[in-house]
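Working notes, beginning with the structure itself.
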């Protein structure tokens, strides 16, 4: 199953010039202003404060640390990802607003790193969510982190960094891996399928047998719509 | 005798009372009573000339007992108050007919007694408002307080004890007024208003002080002013739904009407101001102002601590009463107008809020703020009504509460009273805080599992609520209309009248034009919406799809933050006001208990003859010396 | 003042406010960076942030009231701008005085409170409870200051207040007439901005940025815009009350930026106050200073 | 002064028969005791020698002798010295009695060992999982558990050999041990 | 026509003694003879009143001229009280048919005769005789119920009224030694000369305390709660309603005609205030219906005393209004108390059992407290305006005590109303809840109707009372009617 290639899909350029200029501006702003949510799963997190503070100052690149996934664009996963933490990482990833990017710092996210032999850590992060960029190194130095971030900024500016669409397009593949790891009744409170419909990113890879499994035991997740139901019901005692 | 318009009105409300009394059994009784209230409103509007600076309409009903002659007549002030009374009665009884009535009967309530009590309340209030001289004022006053007692005692259980407490306070107030009445009668020989004004001129300082205290205290009890405010919150909260809406809206404003009539019109603010406390710079007017200001602050912050929606609103009723008195007591052009307009505004949004809370109780069965939450998705219209109500109660621009509070602030500013201004603002901020707690704990936050299938309140309850919120918004947008009536009321009481336009108040030192302010506000909202909705389409997510530090939220866990809502604030000021007045009331009660124990012991003495002999000896000795 | 001229003014004032507000946000972040010996963000960074936020594909909303909350937040300040006289443009300042302006400045925070309430997030509710308590804390000294100024100038109309201050040049500025009130006003203004020492309700470490916890995309963008307006309104209000408003655009902007620089530089040196300490501080010093100030004025 | 204490301690320990005392240094003593004598030893140490702090219980899996070795590290604050008591229990039933009544912290050490090695301690207050809550496999620390086989079956390896790595390997530089030999499990038995 | 007035006293006396004899011969006639006498009495008084009674008249009994013989002085006030006695006697007639009834009915007749005598007689000693007769009749009736507590209560009452009558006798002897005459009219002429000194005052105070026993004056009314609680409710209604008022009437006559010293008024005022305080507060604690009513009547009479204390007869109208109002209300409440006797807690939920009774109770307490349209309010209003006119601090104290008493009264009366209307305790069976029914409910509703009638036509009743008060006040009219000749001589 892991044969799906990560073909960098370049965003189609829109026809009329005004829209194109607007798209350029938007891509430029997206690249120049990134909010990162660094999820300190492991030892790599200690590299981030020096990157943000006076010596390597990320703010000059327009990168600010943010607390809640809703506000963040980049999910920085720093260090080994144990199975228990992976559940929370997936939940946080799904709660982020797209276009969202995942950067795996430290070699533990790349191929399990020092803990390659451990039964408890995930070896291949991009099985469970699309990862844009890996920054190898058993705790890469801040220069490496910033170098990686700049590479990501160029990609965004060029418009190639939309691996987040891949999560919706091949949701079944990702869900399968997740269910393989966490068991059949694995479910996050975010309704990814309806979100896929909302952004019309529905493709053949989205719905499959894994999603059917999800449907069976999923607790209802549609949003509470404002109802003006006036039917004369027995008022609650 | 020729039936004057006032007689028509009184006959009409008498008829409503009789209709409620005799044919109150059937379900249609509710609707019939509502239609009759509508008739009363029409009769009142026919007297509309009063509202626009007209003279007074005397009633043909007047008779003479034991040398006192009683007469009834209506003037601008009573017309203004009558309008509010009948308006809130009409909407409250409309709210009570239909669905609420059925549920009230199902819960064992006596709907016939409810309609009769409401009709009785309106009838007695009209008599009080129409009183021509002090004696008819006192008769009306007693009738109103007893009718209020009847309405409060309906719900039984806790309501009875609250009503009992009310009646002891009301009787004490009544007796104080009765004493004051007697003092005036001896001083001026007759109880007619004109005679009293002449008598007041040459009355000595001490006597006038006594009168001010007696009348101020007596009327203050009904208005729930500071030292006597303990009874009002539980009494109004425990009355059945629409009853509390009616009581909350108007019943404690009768005290203000009486204060206006007696202290302002008869005694006149000028000689009230001349009354100096012996060796302090404070005069009677300042004393009243400070009582009003304390009535604003303390109840508002007690309201913040309440965990029951109805109690919270009732405590606010007391707080807002303080504004009205403050406006009237400052007695310059804007202050008087602000105070009276606040009576009208408060009536509208207090009734709307009580009705919204009753609708919530009707649907969910409880008004405990810690057991509700997230109802906005299931009861959107009640949410809108409550929202408009709380914006009015907090006095924020789009709604009418803002205009009257603005007037009161401007009057304090013009008169240069910084401490009063500060206290009034503290009151407003306190209201904003506790009012947000109300709407947050009921309508916002996590929707509980058991409230998922709750539906909106039925239309018979919803229409009066929507009408009230429409009134709140319209009088907020065009404050000129109510200001017209307020101006005529001010003329009859003898306070200066501010020049008002349709949109607000024109004055040299800074004017207010609500049409422009609200226009700009909604333009701003329009621009904000434009910017907001130009970006991508927003996706609604489920209530549990929330950031909780990576924790998986589940429906059965109640994670709504509602109890001890302002923990930080309460840490600091929680200890400052732990019911010092409750302690005062309890000490008086235990004193009476102790005395009566002593007296009863007196009668158990066995050797009664011993008494006889001692008194005889004592008397003879006293006579001989 | 013909209708069309007024219309232009009503549209222009918020735009000016937004632009100047963005400059102020930039200045704030630059000061913070300089204090921490960092390079600091590029010139157009606030613009980039706002455009990026508005251009995000997912806009997560928890219901209609959540959206209306943000609209009220932005709309409230846009309306407040029109009441703030700016050199050359008076808007509708004479239709509503300072008290109306104070109330209009309260509407955005209450609209935001409603919006956050619907997100049903405990962090958000705690944040809002703290924000309203903070509002109670800093509004009292603010009101004392406003009372002092209005009473001294005898009117609540902002245009007249500015006129009286500009009449006699530097001596008749508010700051020289009522120095104590000016200081109290500064402290109150600093607290109302909700920056570092008084940011108990943003508190990223404890309650995950409090009210803004569920705000992503255009919602967060709306709040950034509101922040620009907030800085601009507070600064200009202080300038028009105490520093005699701006005769020309240049010295108006200079004064506003200077006034804002003071709290900003203080901000990034202090850790956060707890709610009770915030209340105690706000009710102790500025209130005392204000009352003494008023005693002189009356 | 510490000299007399060490001698005093050695005579004390001699009281238990079948005890082998090896003094590592003036402040560390290794004691080997038969399994059933351990509680008596610990009581002796705690009661008369002031060793009141049980810092850890560690377990070693001797798969060849088919035994588990449990080591109880006990410290004394007065003499600042450590006694580590080693006992051997049979691997098959893997059951031993708990010392929770002597040392309360033992509850967690025993719970951890139970989770990792599957040894059941009678009398321990709580034996549920608290680290590997989502783990349903065999106790992972036992020698017979092959972690790599588990990974091969549940997880997947990162096939990451970009062109620059292939060119490096082609030139013969870089990694000396070819990748397939790196993994122990693949080492030919 | 004036002679048969004497019959109203003579006939009941005759009946009282003949009844036991008649009882033996035929029970039917005996049962109906009592009420017949009373009806005749009412008719005569009413007929005299209706025949345009303008001038007061004095009837010399046995033709002897006043200074020597005894005369009955009949003015509108006396007539009013006489009529009230006959009517209430009829209403409270003990219709029980057991063998005890003969004794009870004869005692009742005796009581009625004595009361009418008290109302009408114009001679001091004659008053004393009727006072003693009434006291004896009350002892008999009070102990009629036969329970142990009743005997104890009557014994205490016996001792108290015994000492009281001794004191009254001492007072009368003093007056006789001073003036040599006991005829009220004659005394009125001599009073300014002889009785104005301290000796006269002691005489008055002795009589005041003596008769005060019956009029429930403060220190001497300790017997009241026991008697009312243990005696039959009809008797306590008669006692509380009427007999105490008659004793009051005597003191009033003395105060108006003979004693004008200010100290007398002050003593009455102080005792009145103390009576009000003790009565109301004790009632607040009372746990049992009849005891509560007893204390409340002490309080009310205290108020009437305060009214009497007003100088130069200004309080007359207030006294009359309060007395009549108290008469109607207290009798009505006692009638209700007949079925709702026991502890107040027992009454929970009895409003559902007997709605009419509960409504009546609320009506009576509203009037007692002074709810405007009801007569209670007008009585209080008159008293309040008179009291406020005085300037001495003591009267103002009286005013404040009076107002506070009303508040206390309202709270305990409505506490009972609240228990009436509260839903019964879960475990009580429906028939256990006391219901007021039958005869007592009928009489109570009779009083209720009377009260509402007075409330509706308040104006004419007010003016009538004013006329009676004016007539009772002018002393020389009294003297001229009693002895036209004597007044001419020694003016």
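Brief remarks follow.
For reference, chains read A, B, C, D and E in written order, and residue numbers begin at 1 within each chain.
The criterion applied here is as follows: contacts are C-beta pairs under 8 Å (C-beta built on N, C-alpha and C of every residue); 3 or more make two chains touch, one makes a residue touch a chain.
Since the model is a prediction, treat every value here as computed from it, not as a measurement.
Listed by label, the chains touching chain C and chain E alike are B. Chains joined by the most contact pairs: B-C.
Look at the CA centroids: the one farthest from the centroid of chain A belongs to E. Each chain gets a centre from the mean of its Cα atoms; the one farthest from the centre of chain D is E. When chain centres are taken as C-alpha averages, the shortest distance to the whole-protein C-alpha average belongs to B. Chain A and chain D, compared by their mean Cα positions, are separated by 39 Å. Rounded to a whole number, the gap between the C-alpha centres of chain B and chain D is 76 angstrom. Between the Cα centres of chain A and chain E there is a gap of 97 Å.
Averaging C-alpha coordinates per chain places the centre of chain B 46 Å away from that of chain E.
Annotation for chain A: residues touching 2 or more other chains are 68, 70, 195, 223-224, 226. The set of chain B residues touching two or more other chains comprises 374, 376-377, 447, 537, 539-541, 543, 545-547. Taken residue by residue, chain C touches two or more other chains at 55-60, 62-63, 208, 213-214, 217, whereas all remaining positions touch fewer.
Contacting chain pairs (ordered by label): A-B, A-C, A-D, B-C, B-E.
Chain B makes touch with chain A in their complex at residues 99, 103, 362-365, 374, 376-378, 380-381, 447, 450-451, 453-456, 458-459, 537, 539-547, 550, 552-553, 555.
Those residues of chain A lying in contact with chain D across their complex are 2, 83-84, 87, 110-112, 117-120, 122-124, 127, 180-182.
Touching chain A in their complex are the following residues of chain D: 132-135, 137, 140, 145, 147-148, 150-151, 154-160, 183-184. Interface residues of chain C facing chain B in the complex, by the touch rule stated above, are 10, 14, 54-63, 65, 67, 70-80, 82-83, 92, 94-100, 103-104, 106-107, 110, 113-114, 117-123, 125-126, 128-130, 132-133, 135-136, 139-140, 143-144, 147-148, 150-151, 154-157, 160, 200, 208, 213-214, 217-218, 221-222, 225, 274-276, 278-280, 291, 294, 298. The touching residues of chain A, counted against chain C in their complex, run 25-26, 28-30, 32-33, 53-54, 57, 59-60, 62, 64, 66-68, 70-71, 73, 96-99, 195, 199, 223-224, 226.
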